[in-house]
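I am attaching a structure below and will ask some questions about it afterwards.
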Amino acid sequence: MSIPLVPKLLRAHLTELAENDKRIDERGQWDSRNLEIQHSVLPRAEGSAKVRIGDTIVYAGVKFQIMTPYEDRPNQGGLMCSAEVRPLAGRKYEPGPPSAESIELGRVVDRGIRESGCIDVDSLCIIPGEKAWQVILDLFAISDDGNLFDAFAIAGIVALKEAIIPAERFEVGEDSKLEVNGTPLMCSYHKVGGRFVYDASFREELGGDERIHITLGDNGNVHSLQKGLKGIFSADEFEEIMGHALERTKEIREIINSL
Amino acid sequence: MSIPLVPKLLRAHLTELAENDKRIDERGQWDSRNLEIQHSVLPRAEGSAKVRIGDTIVYAGVKFQIMTPYEDRPNQGGLMCSAEVRPLAGRKYEPGPPSAESIELGRVVDRGIRESGCIDVDSLCIIPGEKAWQVILDLFAISDDGNLFDAFAIAGIVALKEAIIPAERFEVGEDSKLEVNGTPLMCSYHKVGGRFVYDASFREELGGDERIHITLGDNGNVHSLQKGLKGIFSADEFEEIMGHALERTKEIREIINSL
Amino acid sequence: MSIPLVPKLLRAHLTELAENDKRIDERGQWDSRNLEIQHSVLPRAEGSAKVRIGDTIVYAGVKFQIMTPYEDRPNQGGLMCSAEVRPLAGRKYEPGPPSAESIELGRVVDRGIRESGCIDVDSLCIIPGEKAWQVILDLFAISDDGNLFDAFAIAGIVALKEAIIPAERFEVGEDSKLEVNGTPLMCSYHKVGGRFVYDASFREELGGDERIHITLGDNGNVHSLQKGLKGIFSADEFEEIMGHALERTKEIREIINSL
Amino acid sequence: MGGYGDVIMIDENGKRMDGRGPADLREISIETGVVPVADGSCRMIWGTNEAIVSVYGPMEAHPRKIQRQDSAVLAVEYNMAPFSTTDRMRPGFNRRSKEISKVTKDALESVVLLELYPRSKIQVNIEIISAEAGTRCVGLTAASVALADAGIPMTDLVVSVASGKINDIVVCDLNKEEDNYGEADLPMGILPNTGELVFLQMDGNLSQEEFKQAWDYNMDAASRVHEIMKKALIGGDGK
Amino acid sequence: MGGYGDVIMIDENGKRMDGRGPADLREISIETGVVPVADGSCRMIWGTNEAIVSVYGPMEAHPRKIQRQDSAVLAVEYNMAPFSTTDRMRPGFNRRSKEISKVTKDALESVVLLELYPRSKIQVNIEIISAEAGTRCVGLTAASVALADAGIPMTDLVVSVASGKINDIVVCDLNKEEDNYGEADLPMGILPNTGELVFLQMDGNLSQEEFKQAWDYNMDAASRVHEIMKKALIGGDGK
Amino acid sequence: MGGYGDVIMIDENGKRMDGRGPADLREISIETGVVPVADGSCRMIWGTNEAIVSVYGPMEAHPRKIQRQDSAVLAVEYNMAPFSTTDRMRPGFNRRSKEISKVTKDALESVVLLELYPRSKIQVNIEIISAEAGTRCVGLTAASVALADAGIPMTDLVVSVASGKINDIVVCDLNKEEDNYGEADLPMGILPNTGELVFLQMDGNLSQEEFKQAWDYNMDAASRVHEIMKKALIGGDGK
């Protein structure tokens, strides 16, 4: 990813808007762009979803492999979560090994899902010490207009929740649904023009400072946090966005559960 | 491989020659440069050949390894064909991972041999499901004065045809000749000055447009085709070079069979 | 490693000093800087040492892994020696794959230890053909003010000599001391201002020519030699530094044996 | 090609397992503008193949050493998404994808008027989201639509189709099973207005007669696909 | 986090296995100037963690394309030495190290006055020589000391500490066993003079109340670590 | 070195398994001009070793950042072809080849008059086509012949030979079995006109006396190899 020069004019414009409690696309500070969620969209995946937030579009696909359990955990399978942002999704992305940015992206989404415990790795055991399922969740960006993190997190959990373990194809029993206990969800906030906003667009990201990602579980428990990029924030600021995240994750969870 | 600026003067010169039905080295449109084939040239290879076409020189060497057959094909060994063009062979070649050009080169030669079926992978099985031979054909350029494709294809099949399976060294039986059923051969054509010529030299390649590679089997069957580089060609043009390839592969096959 | 322009003024200065039998830091031609050796410095290593020569500081750590012996040597374990010079140790070092310089550094230190035979690989066998110890000696630079070679060689042998094989942690018997038969030691000489000096500092390396590394065993036998960098030397020059190395390795060996 | 085998893939009436006749194509649909942030884009569904292509540019080529004084550079990335295949496709370097990227670039360079944009770069990204057999054809065809959607001048669109051989019979547009057990595959890239070629590959085993039959099937199919491409570009939904 | 398990790590009196109370830190010491050839450096020992940090710069940024016209670039390398862990850590590319390098850089950029040094580069190298749990906190804290030792102007030092949860009880500064069997980990990077944050990560499972407790523990611990940092920088031995 | 073992490699009359006496060289032949497209080239056969070396340059050094204002840069690539060894040598990065490339470059830079060609580059490519023992010596010697064939001015040719120890006896120019079972190997790069050295390596176990004997064998052998090199360069066939 090539680093653009800091666009000073954009920053100045965003600051002026923020001072008047406005955003560049007319939204309020805590408003999301339009959110669309589709599932069962990928014929070759065992579970899949497509998420669109404004002009940001991503896919998630679940595949399964058979692995040998680790020696010290003979009854456990594994979960692997991999995020790719290829040149398809935006002019700033370049082919080649993953940048530090996309490594962070994948790891933050991974931690939110993994740490919530929604995938019980003990349930993935086929033959103790010999065979277990490895769940592979692939997150793939089609169009990046900002806030890939939340789009990936939503697509990821939706794809997992519909995934079928292809036991018959691997000749180890009958197909069954992957157990998923809970719906961890991420809300991301970006400091733009001196204040945090929810669901920043690409232009807001470009002219903004730090971002904070919060993943909350069904009961409002915290499963993952991440502060990224240059910037300083206070305890009060954090408390405010945590409050919003508690509300917003509930709303999104309802949408997902009603799919 | 660093890309030279398109040498416009060379292109103009080649076009002028073509208009007078001439080539830069006085050959006719369908003439080959002098072709020399030697075999048994590499003391450490199980089969080997050296081919010289004009000032283009290549080696081919066959080695064997023992592999575990793939689960779904327990009775089959494997064939691997790898082409390397290192800085030795020309000032434009650079060390490092293979370029797109040399990947294409290796894969096109590989397909010609593989798809002809001349190596029966079932005959490479030693113990079903456990051990099989992997045939490795290494193509190696010494001097690139154009048309490495044909030189590699000829050297490759000659090296395979004399290869001895070193069963004794691997303690799995007695040495025996590798079965090779047929002599697939490639003919390559380059559009130079607006018309296709056979066996283009380095300067013709440099000032030319697209190239077409045709691999034909003993009975004239087509086993592999490839169009490379920028350029447009017509069905008539293709028919003409296919006609030449049918004749020329027969000639080369006779030379090889009389070695 | 980025290559600095040859610092001509430094070279001229060093030559002038050499003509007056002086060095840039007032030492005599064959003098070492202050040498400090500490052992048992790394809590997670099975054997460790820290060596300081002037402002050059390095660590060595020994770790063990269980390996499957090679088929043709079922009773042997292995020794692997790896040297890393990361950006920590000096402004000229860059992250990324090892440079030709640091590959040479690791391999020269490795050969000195390996070729002395001080590690008897037969003694590393656990179950013939199945399990053996692989000894891994990691050399790690903290501060490079010249002569990393000798610092690594000293730290390496000291770390090996105190290493404990962690058989209990791997559940293959009781912990025991790694057998080390002998104390091979390296002395390095750099041609500075037209003559060889012992233990060159970073500035001497920067303005110097070739270097020669000599590894000698307990009985004065030669186990490893290496000439590095551009430069020509005579048999007489070599004889003189070999004579010094015979003396100096004895001195260092006494220091180590009295630790 | 996967090799002969005893699998019967075409019945005595010339009907294939999915009900098609020898010259029939799988179902095809095309939609443009599917990557909102790109300068041009296209989704092509062909059987259960799905390719998404985005085009960025013409834009400044950097680093400067890749610039050409008298034309744009065209960069093509063909890639298969990890969930596009039955067995997960591991991300990272892949010799097959590298070769397909190159031959696709060679084909597109033959029609894009690169000389109109000196020193600039046009980036074409082909992602196979779902793979069925013939992904290189889908990718190349969709790329030419995405270039048109981006308003990049071309001498012609490129239509890419493949014919092959199953059970010793030449048929058009192999599906997955036919590709796995078939005996030959001939993908071509055709300029629909002239019938000329910019792309050609083939592997397997075809007699000269079979080869001519497969060639003719491809030529014929190209004009049918061309109609669908044109509809998608003038605003229809491509069905 | 390693997961719950049945391991008892805190007794009924609130004493942890290593004798600490819930809010107690492990022993910490700091020494500057430990890399003689660097412009600034620091060794920080924290429990049995040992980090060595060197700082080079401000120096000319090269190649020129990485230069910024209006500020310095800050480069951060976080790495674990091969002998720093019980199982040898293989050298080479590592996604975890790459992410920690990035978030550490993000944190330090928030305090270093980069705009004072246009076109130049400041290189910060963090090497974990011995790892116990909490290495990213040790690395970030030590890096801010090494930057100060190099005389690089900053708005404040950064103190990084982590609290977590073991046996359903929130405690400060997890050691290795507590980290392996604990249920949550919350590392923060705090500016001691304002209580603001430049670094924040968390994984595991914390209720909102537990989260607030862990946050408060970190804030509290930060001022104690800050005292040790200041002593090391004014010449004491940091004990 | 492969280690001692019980293999008898020299009989009581000092005859080696291939019939040579202790000071004898294997058969050597040299041919120049074997890479027609190169500026200079050389094939050297030494026992069953075969090295082919090509030289390109002096030519413009690019990218510009590798240029030196006051001299040419010399680049050396030493590589073993995949079919050069009994077990196939896998292409790609190899630490041994990297080190040999470097010490060969160090040796050649000591004799090539690089200062005559500022800002330019001379590329030397050494390919081992067939390996027997002593490939680095063959490569270095052949490289100096190829440089001379390219007309690059040098202060002297470089002759590289190795002596070693088998069954406790020092002998010259180890062949494959002697190298596998021998106890030491001392390759040197010698300037035949002065007896000075530009290359030196050694591994194994040699007493000071044995070391001097090996050194002397190498010096002696160097003049014999030098004669063959001169003949090849003035037009003979090098036999």
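First chain written, first letter: the chains are A, B, C, D, E and F, and each begins at residue 1.
Methods note: a residue touches a chain if its C-beta (ideal position, glycine included) is under 8 Å from a C-beta of that chain, and two chains touch if they have at least 3 such contacts.
Quick caveat, the model's predicted, so the values are computed rather than measured.
Least step count on the touch graph, chain B to chain C: 2. The most distant chain from chain F, with centres taken as the mean of CA atoms, is A. Mean C-alpha position of chain D lies 51 Å from that of chain F.
One finds 32 Å separating the Cα centroids of chain C and chain E.
Once the centre of each chain is set as its mean CA position, chain A and chain F turn out to be 57 Å apart.
In terms of their C-alpha centroids, the spacing between chain A and chain E amounts to 26 Å. Contacts between chains close into a ring here, every chain touching precisely two others. Think of the chains as beads on a loop: from chain C toward chain F, the beads read C, F, B, D, A, E. If you check the complex, the residues on chain A that touch chain E are 5-6, 100-101, 103-104, 107, 111, 114-117, 210, 212, 217, 219-235, 238, 242, 246. On the chain E side of its complex with chain A, the touching residues are 1, 68-70, 95-96, 98-99, 101-103, 106, 109-111, 186, 191, 194-208, 211, 215. Of all residues in chain D, only 34-38, 48, 50, 52-54, 56, 59, 62, 77, 79, 81-88, 91, 123, 125, 127, 129-131 touch chain A in the complex they form. Chain B contributes residues 2, 42-45, 48, 55, 57, 59, 61-63, 65, 82, 84, 86-91, 95, 136, 138, 140, 142-145, 169, 202 to its touches with chain F in the complex.
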